[in-house]
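There are two complexes below, and they share subunit A, which is joined by subunit B in the first and by subunit C in the second.
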Partner chain A sequence: MEFRIVGENVPRKDAVAKVTGKARYTRDMGMPNMLYGKVLRSSITHGRIKSMDIHKAESLKGVVKVLTPFNTKCHNFPTAGHPYNLDPNHQDIADRNVLTDWVRFYGDEIAAVIAEDEFSAKKALKMIDVVYEELPFYLDPEEALKEGATEIHEGSKNVVGHNRFTLGDIDIEEAFDQADFVYEEVLEVKPVQHCQMENQVAYAYVEGNGRLVVVTSTQIPHIVRRILSSALNMPVGNIRVIKPIIGGGFGNKQDLVLEPLVAMMTLAVNGRPVLLDMEREECITSTRTRHGARFYMKTGLRKDGRIIAKQLKVYGNGGAYAAHGHAVIGKMGGDFYRLYPAEKAVEYESYTAYTNCSVAGAMRAYGTPQITFAFEAHMDNIALEMDIDPLVLREKNMVQKGFVDQLTGVPILTCGLPEIISKGKEYIDWDKKRKQYSAQTGDKRRGVGFALFGYRTSTYPVCLEIGGARIVMNQDGSVQLQMGATEIGQGAATVFSQMAAETIGIPYEMVHFEEFTDTDVVPFDPGAYASRQCYVSGKAVRKAATEVREKILKRASGMLKIQQFALDVQDGNIIRADNGEVLCHVGKIALDAFYNRTDADTITADVTEVSDTNCIAFGGCVAEVEVDIPTGRVEIMKVLNIHDSGKIINPVLAEGQVHGGMSMGLGYALSEVMLYNEKTGAPRNNNLLDYKLPTLMDTPRLDVLFVGENDPTAPYGNKALGEPPAVPSAPAIRNAILHATGVKVNKLPMNPQTLFEYFCAAGLI
Partner chain B sequence: MYDIGKYQEATTVEEALRYLHDDPGSRIIAGGTDILINVREGKDMGVHLVGIQRINPLRKIIVNREGTLSIGPLVTFTELEENELINKYVSYLGQAGGTMGGPQLRNIATIGGNICNGATSADSASMLFCLNARLHLRTKESERTIPIQDFYLGPGKVDLKSGEMLTEILIDRIDYQGFAGKYTKFSQRKALDIATIGCSLMLKIRKNIIEDLRLAYGVAAPTPVRCCNAEQYAVGKMVTLEVAKTIGMKALEDVSPRDSWRGSKAYREQLIQELAQRAVMELLDQGGKKDA
Partner chain C sequence: MLRKITMTINGEKRTLEVDDRESLLEVLRERFSLFSVKQGCSVGECGACAVLIDGLSINSCIYLAVWADGREIRTVEGFEQDGKLSVMQQAFVDEGAVQCGFCIPGFLISATELMEKKRSFSREEVRRALSGHLCRCTGYQKIVEATEKGLK
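After this line comes the complex of A and B, so read on.
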């Protein structure tokens, strides 16, 4: 495939608006006569509300209404941004209500105040008296799953979900018996938070015609619309959801967090606009987190390093509500099995448990960073024990082109792993440094580490993958590209425009993309999640653009009296296909389509495309670290992410995407963790002072490299790139620390305190 | 959202003292980077504030004839870091200030606010302990000058009487002349973070013998602390790695770090030793050697 615009560094559609401050975010808008909402959050971790006194709060000047679980009515609803499942057995768990009298985590939503100003709303919160009856709480999934534990959701036994599969010709125990070397260990990752720059914020009102409008910072406008409809028992058609410019989501906004409540609020005040704007503290405790998990891992190998049997049992910390249910932890099974297929047998079993921690949900790469940390650490531990180079161990076992996933049937048609390894080795000078750093003493020691991963691009065949696109040609030959797929800062508007321009044959500047996603206007698309949009929604763009191009050519053929096959559209002109002679501008064709007295028929396309393929993106990270043993501090000397994401649609944007993911990965590796008070269950660090999101000063130079070939299943050769950058840094750094110190750090984050404890235990301090 | 009950702004010290006197519950706001955080968190709701940002004399840094340095409480950390006199006489104090927050914070946060806030983690405090800084405090009716050690009473508690204001931070010549110094802030992040341990060291060496050494820590006790045992041990010793290590060990006798979820006692003790030892060796390399 030869591309003209796809693959070019065209400027972002929203670049100027963002740097000049003109981009309008939810909080920049609002309505006249708007009211302000604030949420009362529980100050216990698990229990029932015995009574709630709102009289004082209600009588405070400026307060319009106080909502409680006792004076509101709403259907239980699921919150996950998944496509609806027509099979009732596979629908998301509807365990959530707008306000609850059964508190399930510290910060749960128990009442809400609507007031004339934010200040009065906040003051009123302090005037609500709540009497609780406390219940035992669990912060650890395995504790919550113990026989006899108090249920967090009635009848659940604290199991959100469970799955198990085995693959291979022989029983796993038999396979272990055949192994020359068996290695078994436990690894653990803790919950972390997205910390996207813009907290959740939304406002809602009822139009004169009775329709409910919700303006919200979401990744999934069409799904918000459907879930609101079931929560409020209101026809979908009566609800309009508008997504303005967004300040990041990373999966935190792939859930309904405040939309049902803000809708409820406006309905409670006769449709007057109500704004709900979360504060950072609330956003950290009471939105979503990345699942923590404990991994019980066992691997059997032959003397030569071939893996013959793999077994993994995972306990995931789902937090207080199901949200994405078992999908995140369940998905780890595929990642576990696929990257290093075992010769004889694989066994995977996993639980997601309800706990009384903040609710876990989707976060960039959806379980893959966790399992990749665990398995890539495990691989290096095995390599150390077997005295094999960790990359040799990987090369002996890693998946290859032509492999067909037995769980999904998805074949691997392109695979950049060999190139990822060779380029990474070259960058870090692997062979030399592995030797050079092998026997160090002293306070400061260096090491190099590598980690690989595979990443499925869309959710097919687990979920339906559907995309929609509408292209409407303007009178000047430019087009409006309208999509339900959402721009959330990742650059979707830009790359979709590149795709449309490419396929139609017009310049990038002639594609207009309105970043406000309005469900009244844009065709259906479930939205921005997984790494699906370029791949799935990209197929819809290609289909719509192809149709538009056909229509242009057909009309041009009639106007120019030249057969259609002899014409082409390029750079906004109708040209002769054979010699490139420019015949006329597309604007001329467009004008004719609008105003031809006998044959007017405006040029549009409105398509839906169901994607029934998937592909695996690959990548890796290689890092060199210096470990300061007495203080437990790790300095990153060099770090490179290498991605095989197929065709890179816009290299500059893609590099930015990788930088962001690496930064997230470094935080995951070295500093970020959500902490809870063991005695009370209250969050310890729900602010950006104590939640150690890395700053720019903590961030080393981030190197990026793209490798690989175009994937034939993709609309433009592209594979996943949105989420993968966040996957490999943590295990790469972890493995570099192992190389530097010989200490197997089997948990995250590897902050100075934790490393101090490991080094003490290992006798280094 | 800030619930501020009343705001009065003074342009002279006398005016500020009058406001404070007439409205006893009112609080001074300088840069506001501590007090507004509290107000936002709902701790000081309805607070009455007296603004002092426009009192220009409080922004001065001067040296008098006796060589006493006077630093106005409104001096921001950016100003401290860039000031000529500071760089000439006590550059390490400016360096300590340079570890605060980030550039935006340093442009607004003041040294007076840092001290009066009373946190053991205040990044300028332990160095001021080493420098034997004295604080000049005034009310409408009286004034006094006290050593900074006496000012700190407990966590977040300082000896600031009702209606009292810090107007000057004083450092005598004998407390800085001939010293090299270094502040080490150990925090998880390299910016926008609170110290796990802050270590201030001043060293005067003659012919490789320690003539004077001053060591103080932040976050090693409820208030910043000087380490007298370590200091006494050090004087008269020839600097070696062994001696530096012993100074670190001796420091443990003077501190009382806490076990908290932000860091264990054992880990803080490790840092207390390690940071002192490293600072001694580093200053030795960097010119602590140069004869006074």
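After this line comes the complex of A and C, so read on.
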């Protein structure tokens, strides 16, 4: 495939608006006469509300209404940004309501005030008296699953979901019996939070025609619309959802967090606009988090290092409500099985438990960072025990081109793993440094580590994958590209415009993409998640653009009296296909399409494309660290992410995605964790001072390399790139620490506290 | 209590009454629609709300509006001249420093503070000067590169 615009560093569509302050985010808009909403959050972790007195709050000047679980009516709804499933057995768990009298985590939503101004709303919250009856709470999934534990949701036994599969010709125990070497251990990761810079925010109102409008900072406008419809028992058609420019999502906004409540609020005040925006503290505690999990992992190998049996049992911490249900933890099974397929037997079992922690949901790479940390750490531990180079162990076992996933039927047609390893080794000078750092003493020790991963592009075949695109040509030959796929800061508007320009044959500047996603305007598409948009929605763009191109050529052929096959569209011109002679500008064709007295027919295309293929993006991270043993501090000397994401549509944007993912991965590795008070269940670090997001001073130089070939299943050769960069840094750093110190750190985050404890236990301190 | 203050905002003199509990962030956003001033935390942790006050980059969420009396306030809305982006804005666009963009005005404020000092800075100095701003999208790399380019 030869490309002219795809693959080029065209400037971002929205960059100028964002450096001049012209970009409009949800909080920058609003309406005249808008009211201000505030939520009362529980100050206990688990229990029932025995009584709630709102009289004082209601009579405060400026307060318009106080909503409670007792005076609002709403259907229980699921919140996950998943496509709807027509099979009732595969629908998301509807365990949430807008306000609750059964508190399930510290910060749960128990009442809401609507006031004329923010100040009165906040003041009124303090005037609501609540009497609770407390229940035992659980912060650990295995505690919550114990026989006899108090149920967090009635009848659930605290199980959100359970999954089990086995693969192979023989029983797992029999396979372990045949192994020369069996290694078994427990690994653990803790919940972390997205901390996108723009907190959750939304406002809602009812239009004169009676339709509900919700303006919200979301990744999934069309899904928000559908779930609102079931929560409020209102026809989908009566609801309009608008997504302005958004300040980051990372999965936090692939879930309904504010929308049902803000809709309820406006309905409670006769459709007057109501704004609901979260403070940072609320956003960290009461939106979504990345699942914590504990992994019981066992692997059997032959003497030569080939894996013959693998077994994994996962307990995931789902938090207080199901949200994405078992999907995040369940997905880990595929990642676990696929990267290093075992010769004889695989057994996977996972539980997602309800706990009284903040609600876990989607976060960049959806379970893959957790499971990759676990098995990449496990691989290095095995390599150490068997005294083999960890990369040799990987090379002996890793998946190859031609492999067909037995769980999904998806074949791997492109695989950059060998190149990822060779380029990574070269970058870090692997062979030399593995030797050089093998027997260090002293306080400061260095090490190098590597981690690999595979990442499924889009959710097919687990979920339906469908994308929509509409292209409308203007009188000047430029086009409007309208999509339900969303720009969330990742650059979707830019790369979709590149795709459309490429396929139609017009310059990039002639494609206009409206970043405000309005469900009244854009065709259906579930939105930004699963690194799916360039792949799935990209297919829709290609289809629509092809149709537009055909229509241009057909009209041009009639106008120019030249047969259609002899014409082409390039750079915005109609040219002769054989010699490139420019015949006229597309604007001339467009004008004719609009105004021809006998044959007017504007040039448009409005398509839906179902994506029934998938592919795996691969990648790795290699790092060199220096560990200061007495303080448990880790300095990153060098770090490189290498990605096989197929064709890179826009290298500068892609590098930016990788940098951001690496930074998130480094935070996951070294500093980020949500802390809860063990005695009360209250969050201990729900602010940006105590939650240790990497700052500029914590961030080393981030190196990036792209490898691989175009994937034949993709619209433009492209594979997933949005989420994967967040996957491999944590295990790579962890393996470098193992190399430096010989200590197997099986837990995240590897902050000074954790490392100090490990080093003490190992006798290094 | 309401107090009358006078400040220069992006070159224009403004006199207005403010509540003495109001932050400069609230006043700039709500009275002057200067929406580049972003609120990421409202307690001085994220730097998204930074503005130039007499040439210094300051978090406007923890700066009372009454303190701005008699001072010169600048936001990125005032950076363009004759319809052209400032050197620093252009560098951010050219280097691909912008993703979701929520943190970007704050970074531009601190980067512009440096630029106006009209001297050269080491990478370490640049990094430190920008370190009061959090960004979740970029890993800071292209932001630092853009700032260095703008300073040249």
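The rule we apply is simple: the second predicted complex is superposed on the first by the 765 of 765 C-alpha atoms of A that agree within 3 Å, B and C clash if a C-alpha of one lies under 4 Å from a C-alpha of the other, contacts with A are read in each partner's own complex, and residues count from 1 in each chain.
In the analysis below, contacts are C-beta pairs under 8 Å (C-beta built on N, C-alpha and C of every residue); 3 or more make two chains touch, one makes a residue touch a chain.
Note that the coordinates shown come from a computational prediction; the quantities given were computed from them, not determined experimentally.
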| item | value |
| --- | --- |
| First (subunit B), second (subunit C), both or neither touched by A:I765 | first |
| Of subunit C and subunit B, partner touching more subunit A residues | C |
| Which of subunit B and subunit C A:S671 touches, first, second, both or neither | first |
| Subunit B versus subunit C as contact partner of A:G656, first or second or both or neither | second |
| Subunit B versus subunit C as contact partner of A:L689, first or second or both or neither | both |
| Contacts of A:R576 with subunit B and subunit C, given as first, second, both or neither | neither |
| Touched partner set for A:K638, first subunit B, second subunit C, both or neither | neither |
| Which of subunit B and subunit C A:F756 touches, first, second, both or neither | first |
| Touched partner set for A:K18, first subunit B, second subunit C, both or neither | second |
| Touching partner for A:M697 - first (subunit B), second (subunit C), both, neither | both |
| Contact residues of subunit A, present in both the subunit B and the subunit C interface | 688-689, 694-697 |
| In the complex, subunit B residues that touch subunit A | 1, 3, 42, 102, 186, 188-194, 196, 261-264, 266-267, 270-271, 274 |
| Contact set on subunit C toward subunit A in their complex | 29, 34-36, 38-43, 45-46, 48, 75-77, 79-80, 85, 89, 92-94, 96, 98-105, 108, 127-128, 130-131, 133-142, 144 |
| Parts of subunit A lying in touch with subunit B, wherever the complex brings them together | 118-119, 122-123, 126, 630-632, 671, 675, 677, 684, 688-690, 692, 694-698, 751-753, 756-757, 760, 765 |
| In the complex, subunit A residues that touch subunit C | 9, 11-12, 14-21, 23-25, 27-28, 194-199, 245-248, 250, 279-280, 488-491, 652-653, 655-657, 659-664, 687-689, 693-697, 699, 701-702 |
